[in-house]
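There are two complexes below, and they share chain A, which is joined by chain B in the first and by chain C in the second.
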Partner chain A sequence: MSDAVMIPRPAGHATRWIGATLVATVLVFSLIGPLAVPGDPFAQSLMKALSGPEPGAPLGYDHLGRSIFHRLAHALRLSPAIAIAAVLSAGLAGLVLGTVAAARGGWTDRILTTLADALLALPGLLLVLIVLAILPGTAFGFWAGLSLVLWVEFFRLTRAATREVLVSPAVQATRLLGFGPIYIFRTHIWPEIAPMMLTAAAFGTATAIMAIAALGFVHVGMRAPTPELGLMMVELLPYWREAPMALLSPVIATFALLLSLTLLAGSRET
Partner chain B sequence: MTLLNAEDITVSQGGTPILHPVSLHLEPGEPLVILGETGSGKSLLAQAIMGTLPRDLTARGRVALGDHLLDAARPNGFRPLWGRQIAVLPQEPWLSLDPLMRASGQVAEAHRLVRGLGKGEARAQATSDLDRLGLSGAGARYPHELSGGMAQRVAIAAARAGGARVVIADEPTKGLDAARRDEVADLLLAELARGGGLLVITHDLALARRVGGRMIVLREGRVVETGATASVMGAPTQAYTRDLIAADPENWALRTPAAPGAPVLTATGLAADRGGARLFSGLSFDLAEGRILGVTGPSGCGKSTLGDVVLGLLRASEGRVDKAKGLTATAFQKLYQDPVAAFPRHRTLEPTLLDVARRHGQSQARIDALMPRLGLAPVLLTRRPDAVSGGELQRLALLRLLLVRPKFIFADEPTSRLDPITQKQVIDLLCDMAETEGCAIMLVSHDPALVARTADHVLSLGPDAANVDVTPPRVARALQ
Partner chain C sequence: MNTLITRGIQALMVAVLIGAATFAMMRALPGDAAYRIAAGRYGYDNVDTAAADAVRDELGLGGPALPAFLSWLGDLLRLDFGTSLVTGNPVIEEIGHQLGASMALAGVAVLLSLVLGPPLGILAGLRPGGVLDRLLLVVSTGLKAVPQFLMALILILILSVQFRLLPAAGHGEARHFILPALALALGLAAVNARIARDAMARIGAMPFYSFAQWKGLSPHQTLWRHGLRNVSVPLLTYLGLQFVTLVEGVVVVEAVFGWPGIGHALVHAIFSRDVPMVQGTALCLGLSFVLINAVIDVLTQRIDPRRAT
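Right after this comes the complex of A and B.
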């Protein structure tokens, strides 16, 4: 028993529930919404430009007469999909490389750590932009660029925690008892880092969605007419006086998505 | 005149009593020892008498300190008496001294602020206190320049500076080896001889024996036995006290050495360094099945390092360890000082043990058969390591080793965190393993009595004189 004072966290559960509910709401909207109200996010009807809600378009129309409801649903599938794909590949790479660096030590560790530190010194958005310029296909470019930015955090977390676990008497005992590295990873390392990895994944997803929206907003991310959160905001910005709800829809959706992920990540005690 | 008289002291936590009524009195010149295991409530009793209980605990009872009458339920009343009437000798004093202040300054500060002397007078008084305790000339040193024993004396001088006649020493020998333990006891008795009361709280039987006076034995918050220390320890009337005293390594029966079996390992001319300093050198010994090699020495002398070198976990700076031919890689095992740290902490014990059994070609049935042999209840397997007591977990660690059928076990202070009765159980099981499993054991302990009564031969490591014992010819002779 330690003398550490346990800080009661009654808010932890509530926070997690609010976060989970918000994520679920956004998911339901983007996946089921277009099934409930069929429509095309790309179909234009200039007659209806900036007009209000109607049964076929519950959130009204944008400046080109496209249904905001359907564009938003589409955007809310695109950004999270790229973000989750990037987090998955970055997490896997970080986990593998971090464990290898901690277990091997020596030159392997030094080279990987230097590489991670070098990447950390570059602004993340700049790195994504460079990759976007090199690779063909915007979604693929985003995935690759974001993976390249995000793996560093997973790598550093895994390496730090694994190093600590590997020198513990528990791991020494397990080795003496004749178990191999895979068993040690499964019983000692993974249970220790899993909660941290999940938190980092939630934060990483939020960061990635934010990055995609930010680059879309300055017209260097997704290209029109693809519906994307940042792009939708900047397209509707000139019409804020005529159609404030049209502009607010993507803003609220982005805010809800980022807030829910941050709540989920922050509620975990690590 | 009675210095301290406490009547019907009880302590409870949220309505649940955790210390049942205890009364005690302290006479000048006669020490009182409160003896008990961890969790017996002995420290709570002292805290209730001093008014320093944690907030969530409530005390009841009356305390008479000199001519002050106090209510244990109102701890604020005790505060003005701290340092003036009643003083506490801190556990591990070298940690409680101010590291940035010279020794004499720490004592003078207490004279000035607690007793209210003037600056010059306080300084003169501090110097004379330190002289009296044999610390002449050490007053200008900082705590890190003092040896452990000197720091302890400075702490005593500071604690007594306020003029308190009653001194409470809570586990004063925690973390000390045998030589230092006697030094502390003598120091406390010397202070007592100047007139005053001494209350010693301990689980250390050797300290209790040396302090003498009267004794209260506590168990689970209740008084088990009281009386003169010599008579309680010489002829205990209660079964628990008898067990407690029998569990003291000093009172263990000598182990009958088993006939040595096939050789397990030979170490030749081992040496190891740590941080550039040589820990030991020229160590040679061999070990056969069924034999126990005891290793003793003060902390930091390289006992654990030696074991890790033999296990192959560390590389020796010089010399070599030859394992007998035909032994598998898992024939060499280790028993850890802190069993909680030696198990995967996120799993319950059952899957952990099952994995070990399976890895070594054994079944659940073998675990089930070993559990009662080690006195373990099956329900323990459903818990995580941190939810099992230290003694039980150390036995589970032994069970884990039995599944491997090792030929050599390095037991690194396996009982230093256990209370005496549990310590005896674990050491008995270890000796039993050596005999029945034909296992060579290297037992490290800081307690020479324990090693002397358990081991077939003893290596004492340590600086200076003790190192003479470990020169190869002498060890070789001892092994024959």
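Right after this comes the complex of A and C.
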């Protein structure tokens, strides 16, 4: 169905390195930053609203007089944490179900593929929104909703690759020698799909961070006063003229994070 | 024929999934849905127990789960979406209203992305490794990393707040289209351009393409007769897959620009727990994805008959 658009291209080593360095920079900022400059992302001081940088708040203050530096660091921990948790559970589910579907074939395969195809037809943000409305707790809801959206990609990749590997002469020989399914998975299937999984994981993380920020931006994601990238942007938008840097810092941080993940993933078309 | 059957099954599964999800949403709503709906109908200041009970009785919100689910699915498969819990109008009518506005926006965005992306991509693909090619790679990688809401924000800040060239929100005039459509189109164009570039580079390197030039066709004629048709196949397939991203973008971009479309309606319906509206809009979006991809399946087989086998 979509074989025409899958044009594998060797991912440039250089771009991957740039991506990895940029990811590391953002993570170091969010993890080490608040240690180097201690502060509270929730502490308000209306006297300092929208004032410029000072030693205790290197990026200045927002409209409620909260340190943007600390809110940004907090936000840059929250979204990636949810995103990575969702990618891990989705990757595991996709890996297991994809392998099972490819190995068992028949009705198991048919049912799982139909389910994945149906999920593919639904916009991811829509599913996340519905799950957010069902489950209590925003972070938990995001994790569950994003996992539900993201597993399909891992499933499709694993299933396609595993089907090819399983009919290869190497696997037949392994079977004849009497090795079990776990051995076959470890030595034949996993090495084949591991690089794909890494690319898919980087894309999935970017998608998840984008979704959390987008829903925060239209007021249906994380709730104030939680520091979150999209929410920070929409809160600071009215003060663009007074404090352009305040709005630009979450914008730049989001762009840097997404760009670095895209570079890390390497080029791939779907 | 086979692909159409697959698409039919996909459509059915989409309906069942959305039915199950919205039913779960109805049942698992935190708080009492009756109060929420009453608040949506009469305004937050006019809600009392009597109003909530009236809503509960009218909509049958109590009762066991399984029969309710089966009748829920039955209604869905008979395409009976019921009435909006908030406005009281049939869901079909409400969607009919909003779908037009969304389709207009999405259509303009896709056209815009097709005007911007593929021509640049084809030019770059004719000379792989050239200046244009490398420039396009950098620009499209950057654009792909900007989510639509961020693009919308940047466009609003630059074009309407800073330079006051275009209105930041509104609907009805042609100039209101420009910002939301551009916010959607730039991301699409970035990927379109890459797909076109890859396809063009691949086809340009094939023996039949060089042969067309050896036999005396000018580069222009070669591209026109042998290049474009081959490039259009991956581009079309990709556009179909990209429809989901487009719809997601429409949901967010409509909310940002206050565009009275289906995405805006969906966000509001989820906010006020208007489950029939959520179900109707979600189903509408899911089924249009299946429909568009079915059309694209048929089209690509027309353009490239080799794929029919």
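One rule holds in what follows: the second predicted complex is superposed on the first by the 255 of 270 C-alpha atoms of A that agree within 3 Å, B and C clash if a C-alpha of one lies under 4 Å from a C-alpha of the other, contacts with A are read in each partner's own complex, and residues count from 1 in each chain.
Definition applied: a residue touches a chain if its C-beta (ideal position, glycine included) is under 8 Å from a C-beta of that chain, and two chains touch if they have at least 3 such contacts.
The structure presented is a predicted model; accordingly, all values stated were derived computationally and were not measured.
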- Message: Both complexes share chain A, so when I overlay them there, do chain B and chain C fit or clash?
- Response: fit
- Message: Once chain A of both complexes is superposed, is A:Leu259 in touch with chain B (first), chain C (second), both, or neither?
- Response: second
- Message: Per the contact definition in the header, classify A:Ala133: touching chain B only (first), chain C only (second), both, or neither.
- Response: second
- Message: Output check: A:Ser168 vs chain B and chain C. Expected answer is one of first, second, both, neither. What do you get?
- Response: first
- Spatial angle chain C-chain A-chain B, Cα centroids [nearest 10 degrees]: 90
- Message: I'd like to know which partner A:Leu119 touches here: chain B for first, chain C for second, both or neither.
- Response: second
- Item | Which superposed partner A:Phe179 touches (first chain B, second chain C, both, neither) | first
- Message: Quick check for you: in the superposed arrangement, does A:Glu192 touch first (chain B), second (chain C), both or neither?
- Response: first
- Message: On the A-aligned overlay, A:Leu46 touches which partner chain: chain B = first, chain C = second, or both, or neither?
- Response: neither
- Task: In the overlay, work out which of chain B or chain C sits against more residues of chain A.
- Result: C
- Item | Closest approach of chain C to chain B (Cα atoms, Å) | 12
- Query: Hey, what residues of chain A end up touching chain B and chain C alike?
  - Reply: none
- Write out the stretch or stretches of chain A touching chain C in their complex. 1-2, 4-5, 7, 9, 114-115, 117-127, 129-130, 133-136, 206, 210, 213-214, 217-218, 220, 230, 233, 237, 240-241, 247, 251, 254-255, 258-259, 261-263, 267, 269-270
- Task: Provide the residue numbers of chain B that touch chain A in the complex, in ascending order.
- Result: 311, 313, 329-330, 332-334, 336, 338, 341-347, 352, 355-356, 359-360, 400, 404
- Considering the complex alone, what residue numbers of chain A touch chain B? 168-170, 172-174, 176-179, 183, 187-188, 191-192
- If you look only at chain C, which of its residues touch chain A in the complex? 3, 6, 9-10, 13-14, 16-18, 21-22, 24-25, 28-30, 141-142, 144-150, 153-154, 157, 161, 191, 194-195, 198, 202, 233-234, 237-238, 241, 244, 247-248, 251-252, 255-256, 266-267, 270-271, 273, 278, 282, 285-286, 289-290, 293, 297, 307
